[in-house]
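These are the structures, in structure tokens.
Look for chain A in each of the two complexes below; its partner is chain B in the first and chain C in the second.
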Partner chain A sequence: MNRERIETGILRIGRMVVLVLFLVWVLFPFYWMIISSMRSLEDIMANPSNLLPDIRQLDFHSYYAVLFEHGFVQYISNSIYVTLVTVILSVILALLGAYAVTRLRFRAKRWMSAGILGIYMFPPIVLVIPLYVLFSRMGLRDSMNILILVYLAQTLPVSLYMLRNYFHSLPVELEYAGLTDGCSRIGVIWRIVIPLSLPALTSVAIYTFMIAWNEFLFAFMFLDTPEKFTLSRGVVQLAGSVHLSKQLVMAASVIVTIPILVLFILLERYLVKGLTAGAVKG
Partner chain B sequence: MASLTLKSISKSYGGAEVLSGVDLEVKDGEFCVLLGPSGCGKSTLLNIIAGLVPQDRGSVQCDGESVDHLSPRERDVAVVFQNYALYPHMTVAGNMGFGLRMRGVPKKTIRKRIAETADLLGIEDLLDRKPRELSGGQRQRVAMGRALVRRPKIFLFDEPLSNLDARLRSNVRLELKQLHQQIKGTMIYVTHDQIEAMTLGEKVVVMRQGIVQQVGDPETIYGKPANPFVAAFIGTPQINLYQGRFVYDDGVSFKAEAFSLNLQGLGVSCPDGEGELGIRPEDIVVVKRGQGPLEAHVDMISNIGSEKYVHAFVGREKITFRASKESDFDQGQGITLAPNIKRLHLFCQGKRV
Partner chain C sequence: MLSRTTQTPSLTDREARLAAWMLGPTVIVVSALVIFPVVWNLFLSLKTIALADLRGPGLFDFDLTLDNFRKAFFDYDFWPSLLTTIAYTLGGSLLSIAFGLTAALLVHGEFRGRGVLRGLFVIPYVAPIVAATFAWSFILDPQLGVLNWFGLKQGIISQPIPFFSQKWFPIQVLGTQIRLPLALLSVIFFEGWRYFPFAFLFILARLQAIPDEIYQAAAVDGAGPIQRFLHMTLPQLKTVLSTLFLFRFVWTLNKFDDIFLLTRGQAGTKVLSIKVYDYAFGEFDLGASSAVAMILFFVLALFLMIYFLWMVQEDESIYQ
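For the complex of A and B:
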């Protein structure tokens, strides 16, 4: 055995070890969450740290309880509403905004372009208190639509930034060709820019979806009526209730996590494409 | 088909003026080439004609009427871009039909026109393919097809051949010329390649730093360059250009650093004397030792097969001349050269005299 073969052998084994450790580290909480959600309360009480419970004793009872006895059907539909509206508006606004910043000329364009990222620098915790006061005074608090507004403000900077980079990588001649071929500016965006930007638009949509779906701080501060709770707010409500049942909280957590996981696995390659587009000229 | 008139078009980006006071007249059906080094504003001028970029001052007129207020769609021009700019998400047929579809031409007519144009360009087999499945030459054809199929008033070409390899380029150049003779469209063609300009253009417009240097047919541009820039830009190998002064004593002569040339009664009027002399490499002959005005020694020989370019020194000044392929020179060899006095190019203060 020569030295090179020993080295590659060690590297290969080392890589496997690191990957396995990383996977265990990442997947264990999920495993724990899912297993716990399917055990009964008695079982958890009797043996809290049992990592390998009897499969025959696992069931979906807690999911039923969470969904129908603790109002999670309502929370899910609230979350879907808030998230989808945020995603749709965010994609539309980011598309138009990023297009304007890359292709059109107008006053204070550079300031606006730089300001987009400036906004992103504010941590949400700095904004939440003034916004709380503001929306309370205006009587706008405790509304899902106000959450949508906040989520838009939170996600648009990054969405604009992602799309702006992507648009920079699209040759402007394509749009010139569209204009001379007889499209209006809107026509060019609709028939040429949007079809070519689908990967970037998808990644903007996934990004916005993740933020809006998972967001907790603003939902916690702004929503008072349980009928308007989003999922993350609902989970906290559940976890904080007097008769805490661990398996219910875990089931609720699984319900929150699954859509993100599925979405991410389905669309992961678009996300990567969209984030890296423009970095290298294709 | 239409004629085109540009009236003192100016354009600045930031503080830099890229076009200043460009006037141009292109007749109906004429092939006009805008020629200049990169950054001379020729592409910007093309975009202004197409209505894609607004000019700061001046006016674009089509058939005598101003089109400044018209959108690119209404101007009815077609552009072939350097990078072809084919729509990547459409098939070749989709690309070609796009402009017609946007203009509401009936589907049946569109299909017929695409078929005709594809036939003309020999791309019938490519119609169902996507641009990414095509070679560079095929993309270039499709880009031309997309322009042709529309039958626009004016065709604009923005360096359409510069992404092709050399051999393909000369083929497509010939085809383009044929095409122009067939369809007799008004064409404006931007290039930095003097060969393209000379072979394609009926009218050549030489530009430099946003200013038109000379307008004329290829013979005039080559044979009577208006200034040293045009003289140096056109022609391979490059013209021999010398700084010097015109001296009036016994007739007129041109005095450069390394030599003095008697202009033998050419009527040159150049008041303060400063000027430039240009000699094309083909206007120089080798004569018997001591029988000509320029004593030189050979430095290098470029053999291009059909002929040779001989690079020599007259004193410290370089001189290049053409020699037949049979000619035989040695490095360092002393020779005597005689320029054809009637074909000299004389410039006084940057202008031809």
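For the complex of A and C:
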């Protein structure tokens, strides 16, 4: 046996062991969140470290309580509204903006391209106080639509940057052909650019979805009325009010996690592209 | 620019006008909600203004002073808080990159189930922050947390450890007692768990771009796997690792959500971003709050400048 074989052998076994430990560490919080949400408080108190609870004893009472007694049906619909409107607007505006930056000639073009990326480095904690002051003064702060505007401003720079890079890689000849055949600019975008950029548009959409759905700071600072709470804001509210009922908080956490997780599993490829292309802040 | 030769707008003019329409909404939204707040924050940081003055007439008066910065710097817990911020930022960044590197090395190479593994590893990063923090708070809870119960049952610990609520944790090392900043270490560890996928994705992409030939050549020359990693892989990762460090450093420095949700800044975890919140909503002092935010912003700007200068020198980007 030479050193190569010994080292490779040890590394292979070591790698398997570390891999399993790593996976447990990465996924355990989610496993525990789900399991705990389906146990009764008495069961948790009696035996907190029961890693494999009895399937027959699982109950969904905490989900019922969270959804219908703590207003989560409303929070879910608020989150869906805020997120979907943000996604739709972000995709449309980024599409138009990226097209202008890559295909049209205008004066501020170079300055614009460079500025886009610099802007998304500005952290929310620096923006939140002045925006709080501004919107409070205007009497607009406690509003889901204001939240949508803030999320748009947070996501547009990265969305535009991603689409701009993608448009640079598309052949322009097709669009020229369209223009000479009498298509308007909007026609060219609708008939040629959009069909060709569906993968990039999907990346932008799911990236924006993730940011808007998961956002906590602005929702926490801006929203006062429970009827307007997004899910993240609602979970924090619940955790503050039902101090000891951990299973309720876990059920609420599962509810806020599931949509983004399902989307991620279905569209992983696109999200990873979005995460790396924009080096997303977070 | 081209001079106008005919009465009808030239092609250049029409293109410029169309561009203005297409980019206008984005420029307005971003200017109003990102650029303007930063500028206005500077203004607020130079004014004596309380939360109650929000609706008062003095909000736009030009009565500037450095009192807020004086208050922020001479506050009894400014320097401890700065120290905590540095420890949290350095620790969080380095740990997330170390875990990311480990994960990338584990997944690198050809084997079945690789794609699934990659997907699973990214989950901590895409999950909502509220869910992630509440799950960990529950796991590490001193009364009901599974980890403390497990430790007690196995006899590893004699009493529950309040991971997120105890500032100092004494341990015996070689007969001397040292105190570990327990809550701070716990939030740093959380950062490592939450943000390693970010480093993981970049490092994995870079690893896959390293040509196999150089490894084969090295193997022929008698270099073992460990030597190959140290002398061939690591140097190849130098750029991506330093870029990641800079990005993570800047973002962890400004991070608010995680610590706020885990400890509310208690038990020795009060970083500067928490002070921004505390000044505004604990002491109702918007001026001091803006001053701390401004300090954070200057540090961020400084680091970004270093980064761009360094990028120009290296002439090699993270995307390569």
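Please note the rule applied: the second predicted complex is superposed on the first by the 245 of 282 C-alpha atoms of A that agree within 3 Å, B and C clash if a C-alpha of one lies under 4 Å from a C-alpha of the other, contacts with A are read in each partner's own complex, and residues count from 1 in each chain.
Here, a contact is a pair of C-beta atoms (placed from the backbone, for glycine too) under 8 Å apart; a residue touches a chain by one contact, two chains touch by 3 or more.
Just so you know, these numbers come straight off a predicted model, no measurement behind them.
When both complexes are superposed on chain A, chain B and chain C end up sitting side by side without clashing. Once the two complexes are laid over each other on the shared chain, residue contacts for A:I192 go to chain B alone; chain C is not touched. Of the two partner chains, chain C is the only one that A:P48 touches; chain B does not reach it.
The superposition-derived angle at chain A (between chain B and chain C) is 100°, Cα centres, a multiple of 10.
Of the two partner chains placed around the shared chain by superposition, neither chain B nor chain C is touched by A:I88. In the overlay built on the shared chain, the residue A:V17 is in contact with neither chain B nor chain C.
Here chain B and chain C are compared by how many residues of chain A each touches, and C touches more.
Contact with neither chain B nor chain C is seen for A:V73 once the two complexes are overlaid on the shared chain. By the document's definition of touching, of the two partners only chain C reaches A:S253; chain B does not.
Of the two partner chains, chain B is the only one touched by A:L179; chain C is not. Judged by the touch definition given at the top, the superposed model places A:M112 against chain C, while chain B stays out of reach.
Between chain B and chain C, the smallest C-alpha to C-alpha distance in the superposed model amounts to 6 Å.
The touching residues of chain C, when paired with chain A in their complex, are 1, 12, 15-16, 18-20, 22-23, 25-27, 29-30, 32-38, 40-41, 44, 54-55, 59, 102-103, 106, 117-132, 134-136, 138-139, 141, 144-146, 149-150, 153, 193, 195, 198, 201-202, 205, 219, 222, 224-226, 247, 250-251, 254-257, 261, 273, 276, 280, 286, 289-290, 293-294, 296-297, 300, 304, 318. Across the complex, chain A meets chain C through its residues 3-4, 7-8, 11, 15, 18-19, 22-23, 25-30, 32-33, 36, 44-45, 48-49, 51, 93-94, 96-97, 99-101, 104-107, 109, 112, 118-119, 121-134, 136-137, 149-150, 152-154, 156-157, 160, 185, 210, 213-214, 216-217, 231-232, 235-236, 239, 246, 249-250, 253-254, 256-257, 260-261, 264-265, 268, 271-272, 275-276, 279-282. Partner chain B is touched in their complex by these residues of chain A: 171, 173-174, 176-184, 187, 192, 195-196. Against chain A, in their complex, chain B makes its touches with residues 47, 50-52, 71-73, 75, 77-79, 81-83, 85-89, 98-99, 102-103, 146, 150.
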